Structure formats: structure tokens, C-alpha cells
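Two complexes follow with subunit A in common, the first pairing it with subunit B and the second with subunit C.
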Partner chain A sequence: MIEMVAPMTPYERAIAAIQNEPIDELTASPLALALCRRLMPEKVTYREWATNPTLCAESFVKGVEHWKLPYTVTLIDLSITASMLGAHVRMDTENTPFVDDHIIHSMEDYEKIRCPDITKGRTGNLIEMNRELAPKIKGKSFNIAFLEGPLLTLTQAGGAERVFMDMFTDPAPVHKALEQTTQLCLNTCEKIAETGAEGFCWDYLWGNYSCLGDPEYAEFEGDKYAKKCNEKTRELGMGLGIHNCADLPHLDTQVKKFGVDMYSMAYYPLIPGSPTATEVIEGGYADKCLMMGNIDPQMFVRSSVEQITETTKNLCQEVKTALCKRGLNGRYCISSGCEVPPDLETKLENVTAVMDATHKYGAF
Partner chain B sequence: MASTYFEAMRAHGFSYNTTAAVRKLQCPRCGFEFSLVYARTFACQGCSEAARGCPKVRCNKCDLEFPLQQSNDVHNAIQERTLADHMNNIIVQRNNDLGIVSNNR
Partner chain C sequence: MSKEAILEELAQAVVNCKADLSKAAAEKALAEGINPVEAINEGLVKGMSVIGDKYAAHQVYLPQVLVAAHSMYAGLDILLPAIPKEALADAKKAATVVVEGDVHDIGKNIVKTMLTAGGYIVNDLGKDVAPSAIASTVKDEGIDILCMSTLMTPTMDNMKATIECLKEDGTRPSVTITIGGPPTSPSFAEEIGADHRDNNAQDCVNWLKG
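Our next item is the complex of A and B:
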């Protein structure tokens, strides 16, 4: 039975939702990340935002102030660790940075990968950004740092097709490279933990049945490399989160086996088998952790305020019904399935609409 | 191919063709699920067409060769062509990197 509780602050709600304690209303936290740069008083381009830790931290603070976000996930982009391994990253003025020149051209190249000094370069910027951000949102928003996982780091640096082919034919060098990418991840996690981040979210994108089955995922990430990252996160006293916007995520492995506190996922209605919020809750995954999802990120660009309000309303009702049936409190956060597109065309008012609609329809 | 999943992957820095290449498709005859990358690595390995922009894929289990357009992620001939060319570039580059000079086996 869900109890009525007094109004809470976003931070109190964030903590209570993770711990499955009674809350006044569902938490809502669309993954508005680079979008927050548009809340800055002066124009900040994506490139400036992604490369200037102070501007980046300031923009996240603006996001917390403007939308009262209970969770702040500090994802910049997914090319950070790959760039540290030497992959060339293309940085357009107003586009998400991405790798345009990979580093793997022979099997020997896997063995040449070495964990770099993470206090410099883009991971250095990421650490600095987290250091500036943490004290400013302390007690206001649950601060979750974000990093690519070991396998995603390698596929970003080496090219997904190439790495997958080599995984099939000659896995030993790939494993050697993964040892190094894991070390890169662990070192970065350790430094970020010193900044005061309360949670740490890993992007384990390849835990996806449409790409890798259980044995392959276990061999190349789950059983060894992700395990180390998860254990390190716990050891450092941070909440453990995973983001996976796959269409068919390895939920049993990533939620139940890994034992996470927060799990952010997407839903693709046109893909058979993509789990709905109800299926996720009925499947017992919200028993284990706070599930986050699953509004289509493109709605923030293409939909009207009325449409996204209606979608949020339906999701709130679906989630509350499923949680109630399962005997849970607020173990589902209304969020976007993936990052809210940081484009200049994305409607800021749609993020506001999701927050308002959750306040209205997500109340217990 | 323009599903929201492909858009999400694109936002992560993976092109449409990369996503389609690593995503599993289903053999229309035996139902086996495998990715284009997996097929090119094993079933198509000895075929010179794999390095010449072949628009087909061979099932690793039953050996059926079928057009990429029969995959759920490829909706028309242009997508089939661009995906085949993309995969061809990967194969040629990998062959060059690995010192495989003859594709005419």
C-alpha cells in the first residue's frame, strides 16, 4: 500500500525513491545534459560546453535551478575515454563530438593500448567539471557522474565493426585492450569519487541482445571488466548506476546480477521485445533498483507541449499502477530513454512540461 | 532504418550503417539470428564478393544467401547499397591491415 507523505524537496525525493521509501510524487528527471548550456545567460556553443569544465558545471547548476531536477547526470559525450586512447574526435560547433578516426589498424594495435594519465585531457576536464559542480548542487540534486564502460570505450576508440570482428576471430588481444580500458575507467572513477559525486553511472551500451548474446557479453564485459568497475564504484562509496539505451537490454545481468541502485533505459515501441515500463516493474527489476525511463528523446524536439504532457501523464499512470500492484513506492523515475537531444531545435518547454506533468499526475 | 533506436545510437556517435552492421538480423529460412559483421567474419570469409560491395548476406547456420534488404533494418535499395558499401570498406580496410592481399580465392 502506498502511503501519503508530506511534500518533499527534489533531493529528499531522489534519495527516498532509490531506497524505495514512500514519496510524495514520482521523481522526474529527463536527461537534459548539453541542453542545459542553453540556460546560460550568454550563448555557449556545444564545443565550448564540452571543453570548458567551468561552463559545463555552471550549466548543470542552471539545469538544477531551472527544472528542480532530483538527479543530475553529468554526461558530456561518449568520446571522452576514446579520445584519451588517441582516437581523433571531431568537435563541431553545435554537434555532439564523435570519433572520426579510429586507432585499431592491426591486431598489434590492441596490445599498444595503454591506460593514459587521466588527470589530463578530456578525462581531466571531466574530473574538474565534477569537482566544480558537486559543492554547488549538494543537497539540491543527487549528483551522478557518468562514464563510458570498458567495452564501449574500446568500440568507440577502435570502431565497433572492427572490434566485433576481432572479438570473434582473435579475442586474446581484445582482452588485453579491455584490461587497459578498464584501468582507464577505474582510475577516472576513483578521481571523480574524490570530487563528491554521490553516484556513478556507467554506460554499458553493448549489453544488448540485438548485438551480443549472454555468453559474448559476459566474456567481453559483464563477468570481468564491468564487474571491476561496479565493485570499484561500491568500494568508493558511490551509488551504482547504469545507463543502457539498448532496444533489448540485458536486464537480468545488468540489474539483478550487477545489483545496481539506478538503471536508466529506453523503450522502442516498434521493436518487438523492447520492454515497457510495466513489463520492467512486473519483471521484478524495480524491486532491485530505481528504474528510469522511458520517454522517447525525439519527443523533446518534435512534439508539442500538449503531446509530451499527455505522454508523461500516461507514463505516470502506467508506472503508478504497476508499482502499486508490485507493492513498491516510487521506484521509477520519469525520464527520457536517452539524452534529451542537445540540438538548438530542442524545445526547453518540453522538459518543463515533463516536470510539470509528473508533479500533477505522478503525485501519490 | 530510421527508428528511434538508430537515432539513439547516432546520438552516441554510431552511424546508421554501423548500428545496422552490428545488429542481429534473422535468416528467413532457418531463423538463426546473427549480425552482418558476424556473417562477414565467418560465412562470407572465403568469398571475394565480400570485398566487392556484395549486397547479400550468408547465414552462418544454414548457408542461405539472401539480400540485405530482407533484414528488418534495411527498407529500400539505397539503404541496402549504402550498408553493403559501408561493410565493404570495413572488410577491405581490415584485409589491408591484416595483410590479406588476395580476395580472389
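Our next item is the complex of A and C:
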């Protein structure tokens, strides 16, 4: 039974939603990340945002102030750990940085991978950004640091196609490399924990049934490498989050077996088997943690305020009904499932519309 | 060894992800005087279709698909040069490409594989390719089908820019354009003037053949 509760601050709401305590309204937190740079008083390019910890932290603060975001997920891009292994990252002025030159060209190259000094380079910048951000949003927004997981780190550095083929034909060197990428992840997680981050979100993208089956995922991430990352996160006292914006995620493994606190996922209406918000809640996943989804990120670019408001309204009603039937409180956060496109064309007012519509239609 | 046995060897080499066996069976097929087109269609493609069906049914996953495709290409490298040019006169030409600003090509490569398995002559233009370069190739090589993909949002508009280039040089009416990639949608395809958008490679090939 859902109780009526007094109005909460975004931060109080964020905590209550994770803990499945009574809540005044659903949480809403679209993954507005690099988009926040557009809230800065002076123009900040994507490249500047991704490479300047101070500008990046300031922009996240602006996002919290402007949209009253209950959660702040500090995802920069998915090439940070790969860059630390020597992969070349292309940084266009206004595009998400990405790896354009991989480091695996032979099986011997896997053996050459070593965990780098994570206090330098892009992980150093990420740590510094989190250090600057944490005190500024403390008590206002639940601060969730973000990092690529061990397998994503390796595929980003080595090239997904190459790594996947080698997983099948010659797995031993791949495992040796994964030991090193896991160490990179653990070391970064430890340093970020010192900054005051309250949660830590791992990107375990490859745990999806379009790419890997259960045995493959268990062998190459779930049973060993992700397990270490999850345990380390807990040991450091942070809330454990997973982001997986792939289609058909391994929900049983990543939500139920891993025992997470927050799970951010996307919904693909055109892909058979992609679970709706209702199906996720009915499937018992919101019993275990705060589920976050599933407004199509493209709507933030291409829809009108009226359209995205209507979508948010419908999602709020769907979620509240399903939560009520399940006897849960606010264990579903209205989010975007994947990053709100950081493009210059993305409509900032559409993020505002999602926040406003959730306030209006997500109230209990 | 009978023709049927050699064709079965080719198919099984792909199904079992054995590039060396695929190459050996392809060489055997030519040595035994088997028509290379038949060896491809009744051997390699048959094997790749088995993998494609299993992938669609979630019985095998991406690593196996990629290694099976590698095995198919090992056989194709032997068989394709042996096909007389006139035998390919009726085959449709397709081009696959990741548009400028993006290098994520795993999806594009699977489309390339399934198109090849579907009997198309595929020109893979690669990744991070400028709209004007794509349009020139389509025009110069008489491409019938253009398959564009991107994983990232900021680069989606380069699909539109490519179609604009094709319109400008008058090639658009003669080419079927399909797009793919997580941020794309059927409505986006319609908006930019593409003919189709699909979720996966197999369905895309089925649509093209339908």
C-alpha cells in the first residue's frame, strides 16, 4: 500500500526511492550529462567538458540547480578507461569522444595490457571531477560516479569484434587482459570513493542477449570480474548501480544475482522481448532495486514539449499502477535509459518537461 | 568425394566456425570442378544461414556469429575470384558503411555478412566515411542498395547529409537506402528520406529480398 507523505526534497526522495520507503512522488532523473555543459554561462564545447574537470563538475552542479535532479550520474563517455590502456581517443569539438585506434592486433597484445596509474590521464581527470563535484551537490542530489566495467573497458580498448572472436577461439589471453582491466576498474573505484561519491554505477553493457548468452557473460564478466567490482563498491560503502542501455539485458544476473541498488536500462519497443516498465516491475526486478528508465532518448531531440509531457504522463501512470499492484513505493525512476543526446540540437526544455510532468503526474 | 559431401563440408566449416576447414573445402570444391556459385550458395551460405537462424533464436551469440562469418569469408576468398564475371552480372550490388564521425562498426559488419550470405555483392566502405565520399561511390560503382549505420546520436545527421548528396547528383532514385543503429528509428528513416530501418541484419536482408 502506498502512503501519502509530506513533500520531500529531491535528495530525500532519491534516498527513499532506493530504499523503497514511502515517497511523495516518483523520482525523475533523465541522464542529462554532457547536455549540462549548455547550462554554463559561457559556451563550453564537448571537448572542453570532457577534458576539464572543473568545467565538467560545474556543469553537473548547474544541472542539479536547474532541474533539481535527485540523482547525478557522472558519466563522461565510454572511452576513459580504454584511453588509460593506450587506445587512441578521438575528441571532436562537439561529439562524444570515442576510440579510433585499438590496441589489440595479435593475441600477444592481450598479455601486454597492464593496469596503469589511474591517478593520471583521463581517470585522473575523472577522479578530480568527482572530487570537485561531491561537496557542491552534497545533500542536494545523490551523487553516483560512473565507470566502464572490465569487459567494456577491454572491448573499447581492443575493439569489440576482435575481442569477441578471441573470446570464442582463444579465451586464455582475454582472461589475462580482463584481470588487468578489472584492476584498473577497482583502483579507480577506490579513488573515487575517497571523493565523497555516494553511489557507483558500472557500465556492464555486454550483459545483453543480443551479444552474449548467460554462460559467456558469466565467464567473461559476471562471475569473476564484475563480482569483484560489485564487492569493492559495497566494501567502500557506496550504493551499487548498473547501467546497461543495450537491448535485452541480463536482468536476472545483473539485478537479482548481483544484488544492485539502482539499475538503469533502456526500452526498445521494436525489439521483441524488450521489457516494458510494467514487465520489469511485474518481473520482480523493482523488488530488488530502484529501476530507472525508459523514455526514448531521441524524444529529447525530436519531440515537442507536449509530446514528451504526454509520454512522461503515460509512463508515470503505468509505473504507479504496476508499483501499487506489486506493493512497492517509488522503486522506479523516470529516466532516459541512455544518455540524453548531448547534441546542440537537443531541447533543454524537454528535460524540464519530463521533470515537470513527473512532479504533476508522478505524485502519490 | 561427392559434390554433396564437399558442399556439406563447406556448410559445416561455417557452422563449426573453422576457417581453415572452410578454406580447404573451398579449394577442394574448385579442384573437383564444382561451380563456385553453387559452392557458395549451397555450402558457405547454407552454413551461415544456420548460424543466422540460431542467432535469431538466441541459441548462439555474437562471438559465434563473428567467428562463423570469418570462416565464411575464408571460403569466399577462394571461391569468389573463380566466378566468371558474366555470372555476376545479375547480382545486386550493396554498399555498407558507418557514417562520418563514428567508428562503431560491429553492426555494419554483421549486415555485410548477412548481405553476402544473401547473394549480394557487397562493397564495404568502412567507417567514419564522409557523405560526399559515400555518394560518389554509390554513383561511380552503380550501387543498388546502400546500408548506413551509426551508434551515436550526433552523427545521425550524416545519414541525412548522405541522402542529400545522392539527391544532388541525381543518384537517389536508383538506390534503395536502409539505415540502422540504436538511435535510429523508422520515423527517423522517413524523416531523412531513407527507404527502411531495421533492428537487425537478418530482417534487413529479408526486407530487401521481400
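Everything that follows uses one rule, which is that the second predicted complex is superposed on the first by the 364 of 364 C-alpha atoms of A that agree within 3 Å, B and C clash if a C-alpha of one lies under 4 Å from a C-alpha of the other, contacts with A are read in each partner's own complex, and residues count from 1 in each chain.
Operating definition for what follows: contacts are C-beta pairs under 8 Å (C-beta built on N, C-alpha and C of every residue); 3 or more make two chains touch, one makes a residue touch a chain.
From a predicted model like this one, the values you see are computed outputs, not experimental measurements.
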Subunit A superposed: clash or fit between subunit B and subunit C? clash
Taking the superposition as given, does A:Val99 touch the first partner, subunit B, the second, subunit C, both, or neither? both
In the superposed arrangement, which partner chain does A:Pro70 touch: subunit B (first), subunit C (second), both, or neither? neither
Partner chain(s) touched by A:Gly293 [first = subunit B, second = subunit C, both, neither]: neither
Applying the touch criterion given at the start, work out whether A:Ala160 contacts subunit B, subunit C, both or neither, answering first, second, both or neither. both
Does subunit B (first) or subunit C (second) touch A:Thr169, or do both, or does neither? both
In the overlaid three-chain picture, which partner chain does A:Gly199 touch, first (subunit B) or second (subunit C), both, or neither? neither
In the overlaid three-chain picture, which partner chain does A:Met107 touch, first (subunit B) or second (subunit C), both, or neither? first
Of the partners subunit B and subunit C, which touch A:Pro150 in the superposed model: first, second, both, neither? neither
Of the listed stretches 80-88, 116-124 or 188-196, mark the one in subunit C with C-alpha atoms clashing against subunit B. 116-124
Which subunit A residues are contacted by subunit C in one complex and by subunit B in the other? 96, 98-99, 160-161, 164-165, 168-169, 209-211, 245, 247, 268, 270-271, 297-298, 338, 341
Inside the complex, what are the residues of subunit A that reach subunit B? 77-79, 96-99, 105-107, 156, 159-162, 164-165, 168-169, 205, 209-211, 245, 247, 266, 268, 270-271, 296-298, 337-339, 341
Under the definition above, what is the set of subunit B residues touching subunit A in their complex? 3-5, 7-8, 11-14, 18, 21-24, 35, 37-38, 40-42, 87, 90, 93-94, 97-98
In the complex with subunit A, residue positions of subunit C that touch it: 17, 58, 60-64, 66-67, 70, 101-106, 109, 128, 152-155, 182-183, 185-188, 199
Name, in rising order, each residue of subunit A that touches subunit C in their complex. 90, 92, 94-96, 98-100, 160-161, 164-165, 167-169, 209-213, 216, 245, 247, 268, 270-271, 297-298, 301-302, 338, 341-343
